[in-house]
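Look for chain A in each of the two complexes below; its partner is chain B in the first and chain C in the second.
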Partner chain A sequence: MVTKARNLYLIPYAMWIALFVIAPIVLIVYYSFFDVNGAFTFDNYAKFFTPVYLRMTFNSFWYALLITFFSLLVAYPTAYLLTRTKHKQLWLLLIILPSWINLLLKAYAFIGLFGTYGLTNAVLETLGIGTQQILFTDFSFVFVSVYIFIPFMVLPIYNALEELNPTLVYASRDLGASWWTTFRRVVFPLTLDGVKSGAQAVFIPALSLFMITRLIAGNRVITLGTAIEQHFLVTQDWGMGATIAVFLIIAMALIMLVTGNRR
Partner chain B sequence: MNKKGARLANLYLIAVFAILYAPIAYLMAYSFNSGGTMHGWDGFTLEWYGEVFADTRLLIIVLNTFVIALLSSAISTILGVIGALAIRHVRRRQPRNALLSLNNVLIVSPDVIIGASFLILFTMIGIKLGFTSVLLSHIAFSVPIVVLMVLPKLQEMSPSLIDAARDLGASGWDVLTKVVLPYIKPGIFAGFFMALTYSLDDFAVTFFVTGNGFSTLSVEIYSRARQGVSLSINALSTLLFLFTVLLVIGYYFINQRASRSQARGAEGGRAVR
Partner chain C sequence: MRQLVQMFAAVFIVAFGLMYATSLLNSSQGYSGGNTLTIYNWGDYIDPDLLAEFEEESGVKVIYQTFDSNEAMMTKIEQGGTTFDISVPSEYAISKMKEENLLLPIDHSKLPNLKHIDERFMNLSFDPDNEYSVPYFWGTVGIVYNPDLLEGEAPTSWNDLWDPSLRNNILLVDGAREVIGFGLNSLRYSLNDTNEDHLQEAKRKLDALTPNVKAIVGDEIKMLLANEEAAVGVVWSGDASEIMTENEKLDYVVPEEGSNLWFDNMVIPKTARNIEGAYAFMNFMLEPEHAARNAEYVGYSTPNKEALALLPEDISGDTRFYPSPELTEKLEVYDNLGKKMLAHYNELFLEFKMHRK
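Coming up: the complex of A and B.
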């Protein structure tokens, strides 16, 4: 009886896995061996190891690293202080709420905020600094990305902090450790899992953001995601796009291994 | 923490909240500007809202977006529940972990990869890009989320509940519909809800598989935003924001009810054991 039921459930689910999980990955790898004209070739891989693409990959990683770092810098104290407020569930909900708003609308808001006559420049003007070019710079790209990812970083860290047994902190303080030592030796190591899953939730999407680079960075920043979109939808060179995608998948798998919880 | 520290902490939180909400407030405020730009203030107007409601093309796109979201989340909820049941029925650890990893692939994959690979897939199978391809991809990336929301509920369910139902003569179908499904109902609702928001929010995957004739709201906003500022987008986003707040409030209540019934369920489980 149990065996029969199990097989019945597995059929549709396994079909979904085969069609939408395994087949797409296989197809990506398959397409990476073809050029624009549909001839079998290793050229795409050779092209990936030319300085142009390597620099792009490096840049993409560098930006993703910056974005992850700044998100963590903002999100950790936020999560920490949130756990100490009254009505913390409500505040947490308010932190998460912006992440439910369409990402493109937030990016679009920054086009207005950072524009030549926008609010930021008006503030800079009154401060006497003068109008700056903010939109279409690396700074605006990193800022907007960090803005978008903060809730995704806060949530896992908050959860980790909530799971932390407060008696450990009391014990450490009772034994004479300063606030900073307690944080560095007790709180932070015990919430490292939250930090790791936060970093995972930020770093991987940050590698592949293409709408932000297009809208905010004005094609100044080319990430792996931008390059894939460009090859698939603009130049129609699916082979090269698939090759970059293969490397992005490899990078993703490596990141999962490094930050994965060994459980 | 002393008083000064507490005040600093509050200042920091206020600053974070201010930055998080400033762009949204800015966007909404300018939807009432008669000047037509996102700087300077000429006067109050509802002109842009009128423009949104007069734009038939935009309204059709809004309708498309909701049809896709509701259909895809309903279908993916069914598939996801079946998937969670399938995973639970696999007793041996290794194949079970393998299934779980395969399940999570689409959750951790960047949108660009999902979009590009689905584009190849649909072209290979010969599915025309448009409504069908967008619907299929939304179903595909929502299934694993539903599985993850339902599985914990299934796992916390005491097996003795099923044994008891069997002993009392229930058929396999009865056990499923009268014992298992009611028990995991909160998980199913949460999964449906998550799938709904993922579908409404998705841009990148849809952008890849949408073709020429069909468009969803995100794709439309992207192509309009690339052409520069137009305050009807602001008006639209204000409406969307209000809708999102309503959804969140709804979700909050579902969660509240779920955690309450979870507490009750835990007590029930203990009583059985």
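Coming up: the complex of A and C.
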């Protein structure tokens, strides 16, 4: 009787998974076998392996990698400092707060900040460096993306650091390890799981970024996400869009496998 | 078990409660059945005062919804669901919607004000005899430039964009047909060209433009150009007029090689419920006085020749927005190239975007 009731509780969950996870994936795979005119074809897959799309895939991975790397570079020390502060929850809230603001609004704010007559250039001008082109460059694209993804990197690392038993650090120091050795041999290995889930939470969405590629990078950076958007909304070549999505899903599954915890 | 039933019941109660509340709200605002008219138009593309006047005159409640691309609009109409009584697609979208049976034919006898429309804009290739559509606005694609930021002469042709002095100083609108189109135009080919050699030639020529292109952006282009982020931009004439109101230094030119002539026409989609209301609205907008006020507000070119006569001389005499007949002859309307060719245009555009400096 008890197991029966438990199985009943599983129904909403199973339905949710079936409707909102499995069905969409099946549909994507299904659509990827049709061309613009609705005829069955494998051409979309052949097309994916042409230089244009392979270079786009390479670009996507390269930028996602850069974004993840810089997010980690900023997020780890931040998370570490957070665990040392007095009002941890308040500081944490302040870091998460920007992620409550609509992405589009943030992107528009950066257009204003990075523009030729924006605040950043005004500061550069007063410093005597002179006006630089910031908007529509690789730099601005990576910078804004890192800014957007940082909370997703900070949180898991913060949690991992919180769980770290401080006595291990004391022991390491007592036994004569330098600060750097302690970090490298004790703290970092023990928080590696947090780093991994942070990297997942940043790398995977970064792979399929769009919108920012247009607003901040002025379409000078073309990722797979941009191509999907264009195929679905402009070309209405749903087949090709779906095919790219299939490769993204495969890529994401592989990343999960590689960075996942083997326990 | 009881908990489960309660959970389901709660969900149902919330759902039905919301549905009831919606219908209650709608009827309290007069949004029910026959006396509403749902208009699906581009954003900021009508004088809101005219909507209010129409509501007063006809007693019909207007629900105004907006879209930002023909494709998004067509998708929504194809899906059904919402009953749109009037929509304003561009010409190539009209021929596409016609093919897909998404439009209702228009009875000209119900539109006495149709006679005010200039002959030039009637009976065009995308809709012979205006069987399905009535002209709303028209315009061109051209170059907006900021004389203060230019090193050389003001541009007069598409080929001026390739001038080395414009390095990293051009903004392009994010449209495959517009960009490939001016690439073709700069080589004196038709912007409806489907010859593969010509298209590849245009693509190679556009690749050579890359060092001059600062960014390829959407609607932000208006804000960016008005803020003097770049010296030159390739935009639709309507956007140009908006930009020039924001920043009076800027100027607009239709390149001499010719360019695109586009139309946005009013149609009755097959989702329409209030067809009488739709006719009343179209007739209202075709009234010269209303069309003139709308053209003054929106800044696009009106196809209504009586309305043109009512507009102040500085608008109607402006050859940038009402080009001379010689130039008008060189302008081309986009043909519906078919899904396959359109996909090819987009593919070329994507390759152009990926071409790095």
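We adopt the following convention: the second predicted complex is superposed on the first by the 253 of 263 C-alpha atoms of A that agree within 3 Å, B and C clash if a C-alpha of one lies under 4 Å from a C-alpha of the other, contacts with A are read in each partner's own complex, and residues count from 1 in each chain.
Please note the rule applied: a residue touches a chain if its C-beta (ideal position, glycine included) is under 8 Å from a C-beta of that chain, and two chains touch if they have at least 3 such contacts.
Model, not experiment: these values are computed from the prediction.
In the superposition on chain A, contact is made by A:R84 with chain B only, not with chain C.
Comparing chain B with chain C, more residues of chain A are touched by B. Of the two partner chains placed by superposition, only chain C is touched by A:R55; chain B is not. Judged by the touch definition given at the top, the superposed model places A:Y9 against both chain B and chain C.
Contact with both chain B and chain C is seen for A:Y117 once the two complexes are overlaid on the shared chain. When both complexes are overlaid on chain A, the residue A:S208 reaches chain B alone and has no touch with chain C. Legend: residue contacts after superposition of the two complexes on their common chain; A:A160 is shown touching neither chain B nor chain C.
Once the two complexes are laid over each other on the shared chain, residue contacts for A:I222 go to chain C alone; chain B is not touched. Applying the stated contact rule after C-alpha superposition, one finds that A:A64 touches neither chain B nor chain C.
When the two structures are aligned on the shared chain, A:L135 is found in touch with chain C, with no touch to chain B.
Shared contact residues of chain A with chain B and chain C: 5, 9, 12, 108, 111, 115, 117, 214-215, 233.
Interface residues of chain C, counted against chain A in their complex, comprise 1, 4, 7, 69, 71-72, 168, 171, 174, 176, 214-218, 220, 223-224, 227-229, 339-340, 342-343, 346-347, 350-351, 353-354, 356. Residues 1, 9, 12-13, 16-17, 19-24, 26-27, 30, 37-40, 79, 82-83, 85-87, 89-90, 99, 102-103, 105-106, 108-121, 124, 140-141, 143, 172, 197, 200-201, 203-204, 207-208, 217-218, 221-222, 225-226, 228-229, 233, 237, 240-241, 244-245, 247-248, 252 of chain B touch chain A in their complex. Considering their complex, residues 5, 8-9, 12, 36-37, 52, 55-56, 59, 108, 111, 115-117, 133, 135-136, 214-215, 217-220, 222, 227, 230-231, 233-237, 240 of chain A touch chain C. By the touch rule above, chain A contacts chain B in their complex via residues 1-2, 5-6, 9-10, 12-14, 16-17, 19-25, 27-28, 31, 74, 77-78, 81-82, 84-85, 91, 93-95, 97-98, 100-113, 115, 117-119, 122, 147, 150-151, 200, 204-205, 207-208, 210-211, 214-215, 224-225, 228-229, 232-233, 238, 241-242, 245, 248-249, 252, 256.
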